[in-house]
Every structure is written in C-alpha cells, then in structure tokens.
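Listed next: structures, encoded as structure tokens.
After this come two complexes, each holding subunit A, first together with subunit B and then together with subunit C.
The block that comes next holds the complex of A and B.
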C-alpha cells in the first residue's frame, strides 16, 4: 500500500476564477469550501457537507442552469479517518460551458443523499459508485450492483482491495 | 433467446431488503400478469451488439416494461489503470470502444498530458485530431451498417463495410495494427504519418461526401426505413438532458452540444465544421445526425491535412515522455529512460484533472486524481455508452419488439466501453 494518507486537494474560502456570479449566488446559502488546483486541467470545485449535497445540486440546477450531470464517482483514502471517501459530482451548464466539480466526504458505512430526483442519469451513476466503493445513497430507488455479480463480496475500486487474490483463501 | 411464462399465482417481486446481496435482477410483473410474459433479449442476441441483456415484459408483441442489464463485459479497466500507471494503461484503452480505438487512445493521452502538465507538439495534435475523426467515421459506418442490417436493409452494410475496410487499411499503415492500435503516447504519437499516407487519406476524405450520398440514397427516403424509424424511440430534450445523454443521441434531440465545438481541444479550434442537430429526437433523426457527422468528420480530415504542421511528434519532456523506439533500440541512455518510465519511475504532480472529449458515441473522458507517482490514485472513465443506455427503460415501453432493434441501432452503443 502507498503511504498516501490524505488528499492532495486543498480547500479555502477564496472563490476560484471561473465561477460565474449566478453559480456563486446559487451556492450562497451553503457552507462551501473552494478547491485550488495544484495542476492545471481541472474544473473549479468545491467541498460541501453530506446534508447539503442534494441541495447544492438542486440550487445549481434550478438557479444557475446546470442541466447536465456529467460525471459521478468517488475517491478512496483508506487512511483518512473518519471520512475515507470523497464523492464527486461534475455538473455542466451547456449554455455557458461552465463546469463545477462538487465534492463531499463520507465515512465507511455512511451514506450520501441521492440525486436521482434531480437527474435520472444519477440512477446508474450512483449504482456504479455503490458497486465499486460500497457507498450507500439514501433514497435511491434500487441500489444494487451494476457491474459486478449481485453476490460479489467486496468493493473493487477501494484502494485496499487487491488486484489479485481476493477471496482466494476464504473458508 | 429464452422465454418463460410468469405464473399467475406468484408475482415476481424484487426483494427490497439487503440490496446487493443475493438479489437477482428481476421485473415486477404485478399481481395479475394476465397475458404478459417475461422475455430475455440478450446477452447473446445479435442485435444487442455485444453483451447487453434486456429483460422485457411483453404483452403479445408489445413491450410493457424493460430492465437493461449491463456488466457482462466488466474487466475492471479503472482498477487496472490505477495499478499499471499512465504509460501502461494506453493499450487498455483500445479495448474500451473497440470500434474506435484511436479516439480512445487520444482521449486517454489528452487526459494524461494534463496530469503531467505537458503539451504535445503541434504535429502530434494534428495527427491525433485526424485520427479521432477517422475513428469517428469508421465507428459511425459500422454503427450505420449494423443498424440498417438489423432493420432489414442488408445492402447498406456491404457498402459501409467496404469503406470501413479502406479506413482500417489506413490505420494499419499508420499504427501497425487494425484494431489494437495503441498509437498515442504521453506527449505525442508513436509514429509519424508520411506524406503519401496523408495524401491517400485526404483523397479518401474528399471523396467521402459522394459516397455518403450513395448510402443516403439507399436509406434517407427509403419508405420501409422511414416507417421503421420515424416516430420510434422519441427522446425529448428534457429527457435527454436528465439522462445525461451526449453525442449523436443528444444532438438528435435538438441540443447542439459538442465538446469539440464548445471547449476545443487538439486541433479543433483551427478547423471549420458544423454540428448537426435533429428536431424530433426519434431514431430517424439520430440516423440523419450520424450521417451528417460522417460528412463533417471527412471535412475536418481534409482541413487538418491541409494545415498539417511540420515538426517533432513527441514532446521534449524526458521526465514524462517515452524516448523514440529507435533510440531505445540503439542507445543506452534511452533504454534506461524507457525502463525507468515503464517500471514506475515517473513523478506526476498531485492534483485532480478532468478531461472530456467528444468520442464517436458521446462525451467520454477521465477524472483523474493524482497523488504523485506513475499511476493515478483514482482513474474514472466516463463511458458514453453506459450513460446513454439508461434511457432505454424510458423509450422502449409501448413499442413492438421489432422496434427495439431499431432503437438499439440508433443509440449505437458498444458494450466494451459501457462495461469498462
């Protein structure tokens, strides 16, 4: 295992360049920490609390016209306690080409509220994240595995899941 | 294909408790299935283009509900990428959308170059852009041919496959392989395109418009083709955006969204092309959009070749870029360098990179979290086929079983990409 114990992402209160006024206004009611990118090539992003997760997306979608949920995934830091997972959701405004990467953190065994009431694409996206990381999405209509067999034991994309030898010596 | 009558007494209800463990994918046929029955379409059905399984509930020939089931081709590409590292992941991208491997190679390297913070030379970018468009033509040709054949028009398949053969010969000359190209490298491309090849490709692209007219003659005003496709599988604008559809499927529903136009990468800011959009969002519009995209891709191809810059094909960034193969075979320094980069002596700056490109099936790309080192900490691939397939459960119900074949053909997915 690698020695990485914490994320390279750094958050501050300073609003990064590239966030439009409409988005700032939509996000004003929430406690948002903005991320700065150590390398170029990423969209501006922010970190919100798990309780605010669906509300932030709703505000972005309804007030700032972010119509497309482009991508949804999670990142695992097994040694970062208590909240080892970061859940990511990338939303896009297809008129202004603005994109925001919204993040939240969740502990192992914890859950994040679903986005399925906002975008139907969140259905399979959250099922994939659940399948790969074991993060539960509260309120999802059918949270079952999508890639792996239903009776598969383990969460393949967690960093502590081995590439080979999983379950080989199980009783 | 197997069929099974549902027993009237025992409704098949999905177990609500303990999701993820011991629960089968099931269809809830309600308390009184009546004349309805459950039908498995796939995973080995010829019109599902790979291993897509559709669990249909049918009332006679009419579909009442459908559950798409994916994952039969899951190979854990993201885990492989997180283990092998950037350089060694590129061959695996050939097997994502295996009908357009060059586009996947380019998409991956554009993302990895952002991670390393380097840029490929102009000539490499131009060759990549050309490759992306040729891959788009070949992917659309196969999609179109197979679509028409599934709907019953056998001839189109033969026409499009003869052009596809020409394209694959071009790929073979350029990359040394027809399908598993592995052509791009971080910081450039593996081999240079010679003048003769560029001349041939230009002649091909310039002549494609007339050939597309021939295919359109066979289909666009073909009465059977129109009856089979018009008004079938309608996706509204709202539905398309809610399902996160991209590519020709989204544009068929009237949204002019194209990554190449909206956030140009590679050489796309220096070429002129149109983004075709549909009006009704039905299968026929998606067919028209794809047809026009073939013409536009050929148009881009001609422009790129006309503006092809001279210069190196690999960036001069020895900390990230593999040395030329010839140098590796003859020089000690280069051999050591290649060995170090491949075995993991590469230190990328930490950070998060989002790189999305317009693949033939839609917007695809990577979210990469780097924590330094030669391998990504997290590599997420957005598979356009995976996202696009979700819409099936909304547009298929109400149609006849034979319409499913047309709808699947018009969505044009690849399971290798969908299942990652």
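The block that comes next holds the complex of A and C.
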C-alpha cells in the first residue's frame, strides 16, 4: 500500500487559463508560482510565501473582488522536509464564479499569519487546522482546539498519527 | 418503633368492621422492586442513528409505554435509566459522565448499539471504544442500530434485573454477645447495590417487619410472629 507522503504538485511561472486579468493584476506585486495543471476540481492554484500569505488574500479580496473564503485547510506531506505542511485557502469571486486556491508551505512547529482580519469565517477554519495539524496562526484571537478535547494529545490529521491504538483508555 | 410490630392482623380486621377486609402482605423488597421496575424513566442520550431507533421504540408502533417507561426525561435528576444510544466521542463523554453523576440512585445504564458498546466501526482517535470506560453498564444491546424489538427485549430484561435487586433485602443484625434483650431483636435493612452494602435503616431504629423471612431467621413459625 503506497502512502502519499510528498506532493506531486508542479509549479511554474506560466499563468494557467481561467485567471482573470484583475486577479493577475492583484497578484502582480507578489512572487507567485502557478500550478501546472488545474487541480482540485479544476480550480487554478498558486503557491506564495508565508510572509505574503495575508497580503495575497487582502489583494485578492480588495482589488479582485474575491469576497468569499470558501475553504481553509492544510495537507501533510511528512517526507517533504523541512516544510512538510501545505496550508491552503480557497477564495471565490461570487460575481464571476472565479476561484483561486492559494497555497503556502510551513515547517513543523512553524506558523502562518492569520486571515481572521479579512474574514471572520477564517476564525474557526484556522482553529480546525490548528486542532488537526498543529499549525499555529499568528495573530489569531483564540487559537485553541475546536474539535478535540482541550487535553487531547497529538494532531490527528498528521500522517504519522496512528490510525488506531491512540485512545487513552483502551487500545 | 414501627407500628407494624404492635399490630396483629386480627386487630386490623376487627377495626375495619367487616369480616371481608382484604389484606395483602408482602415484603418491602417485593413492593419496592415492583414499583421501581414499572416506572423506569429513561434519559435518552441519542447521539446518532440509535437515537432514531429509540424514538421508534417509544412511539405507537412499538410503544414501550406498555412497560411503564413512557416518560422519557430530559433532566437527569428525574431519570432512572441512562440510555446511551449512539456514538460517544471523548468530548461528549464528559457530558455523559456528568449526566450520570446527576442522576439519583437507583440508576441503571443501557448501552444501545455497537458504537456505544464497543466504538462500533469507529475505531478512531475521537470515539470512545465502549461507554463502560466511563460508566457502569447494566445491559448492552447489539445491532447497528438495534431494532426496537431488541430495545424492548433488553428493557424487559432490565425489569427482571430490578426485580431481583436485593437493595431492599431484609437481614438481621447479629447481636453482640451479652447485648440487651431488645437489641437482640433489632433488625437492620441492608442492601448491596454495586457490591457495596448500604443501610436503609440504622441499627438504633427498631424496624421489624413481620413476615416469614424474619420469622424463619429467628427460628419461629410465621404465625407466631403475627
């Protein structure tokens, strides 16, 4: 049984089809790498640096009308060191139906700036990502576990988390 | 001192003014267990699809009201039976134990379905692998989810269990050697719920119930006691 432990995503500077001019203009100040193939349901994706993470979203929201934060989560690639986690946010322009999946990479124990000042809905989404992966979000108003008990030990959606046998009371 | 010890049955019949006065003699244990087993008020902790099946059990087609347990209570202080129906997560386990602690004795617990009994198909970090990690369980119901028939079956088995309950069992305290004569007659009501004896009447209180059980334990025939 093979495990997906590294990302198969390939990035280049070539802007994929489906990215509007307004989006390209909003992203122009940043170093952006685009994924070669539209993946995740055909949504074009891009990779930005962790420092640019909130600024990219702010530019997309304020200059290109991406008003809706559709999803916010992370993926764990434990063999891709040191930056084993990919944090991703999916934003949508509800007027044109355009969607962009923005990604950044972060190492274990690292942190990503929060998006809560842009979308209130990022609050619980980032808490969930913290709860499941242990990724910290700088500037989050209350970064505590949202699903698991507060005294829970471990980060369940990391790939090295045991599938079973973790329970405290019975194997 | 209990009035019962002072009264003969013939006096009661005479006082009633009728020779057809009906008198029913029983034991505290029989009457108490009878009352308890026919008024089980469940606290349904419906956590997933088993909760739907429990609702079907309570409604008219299966109608568990036939057995005296129609009053589903959503306050633990008014409930006798904690019926855990569904998947219990560790986060919810704290709620369940708190509900159980708030219930007054006597109380019983039924683990309904595969999830509550063993975690079911959720062999996962978030699901309790059987609620008996947290509360003592009287009965487990198999099934995913169990049919209402199974729930009714177990509820009737619980009634049988309550009927066998020895909490109200009457037993005589062993008198100390050389104790006063009246102390030798004193009886103590004791029970042994959950294995630990509990006293329902203190040793200083004379609580003598006429009946064959006491009479035989004192080496007399029942008629002599009355």
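Here, the second predicted complex is superposed on the first by the 158 of 171 C-alpha atoms of A that agree within 3 Å, B and C clash if a C-alpha of one lies under 4 Å from a C-alpha of the other, contacts with A are read in each partner's own complex, and residues count from 1 in each chain.
Assume a residue touches a chain if its C-beta (ideal position, glycine included) is under 8 Å from a C-beta of that chain, and two chains touch if they have at least 3 such contacts.
Computed from a prediction, not measured in an experiment: that's the story for all the values here.
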| item | value |
| --- | --- |
| Touched partner set for A:81, first subunit B, second subunit C, both or neither | neither |
| Which of subunit B and subunit C A:147 touches, first, second, both or neither | both |
| Touching partner for A:156 - first (subunit B), second (subunit C), both, neither | both |
| Subunit B versus subunit C as contact partner of A:94, first or second or both or neither | first |
| Dominant contact partner of subunit A by residue count, subunit C or subunit B | B |
| First (subunit B), second (subunit C), both or neither touched by A:51 | neither |
| Partner chain(s) touched by A:28 [first = subunit B, second = subunit C, both, neither] | neither |
| Shared subunit A contacts, counted only where both subunit B and subunit C touch the same residue | 147-148, 156, 161 |
| Subunit A partner contacts - residues on subunit C that touch it in the complex | 90-91, 94, 123-126, 128-130, 133 |
| Contacting residues of subunit B [partner subunit A, same complex] | 14, 19-25, 70-71, 74, 76, 78-80, 82-83, 114-115, 117, 239, 241-244, 255, 257, 262-263, 349-356, 363, 367, 369-373, 377-378, 380, 382, 386-387, 390, 394, 419-420 |
| Complex contact set, residues of subunit A against subunit C | 147-149, 152, 154, 156, 161-162, 164, 166-170 |
| List of subunit A residues in touch with subunit B within their complex | 2, 4, 7-9, 35, 37-43, 45, 67-71, 73-76, 88, 90, 94, 97, 99, 101, 119-121, 123-125, 128, 130-132, 142-148, 150-151, 156-157, 159, 161, 163 |
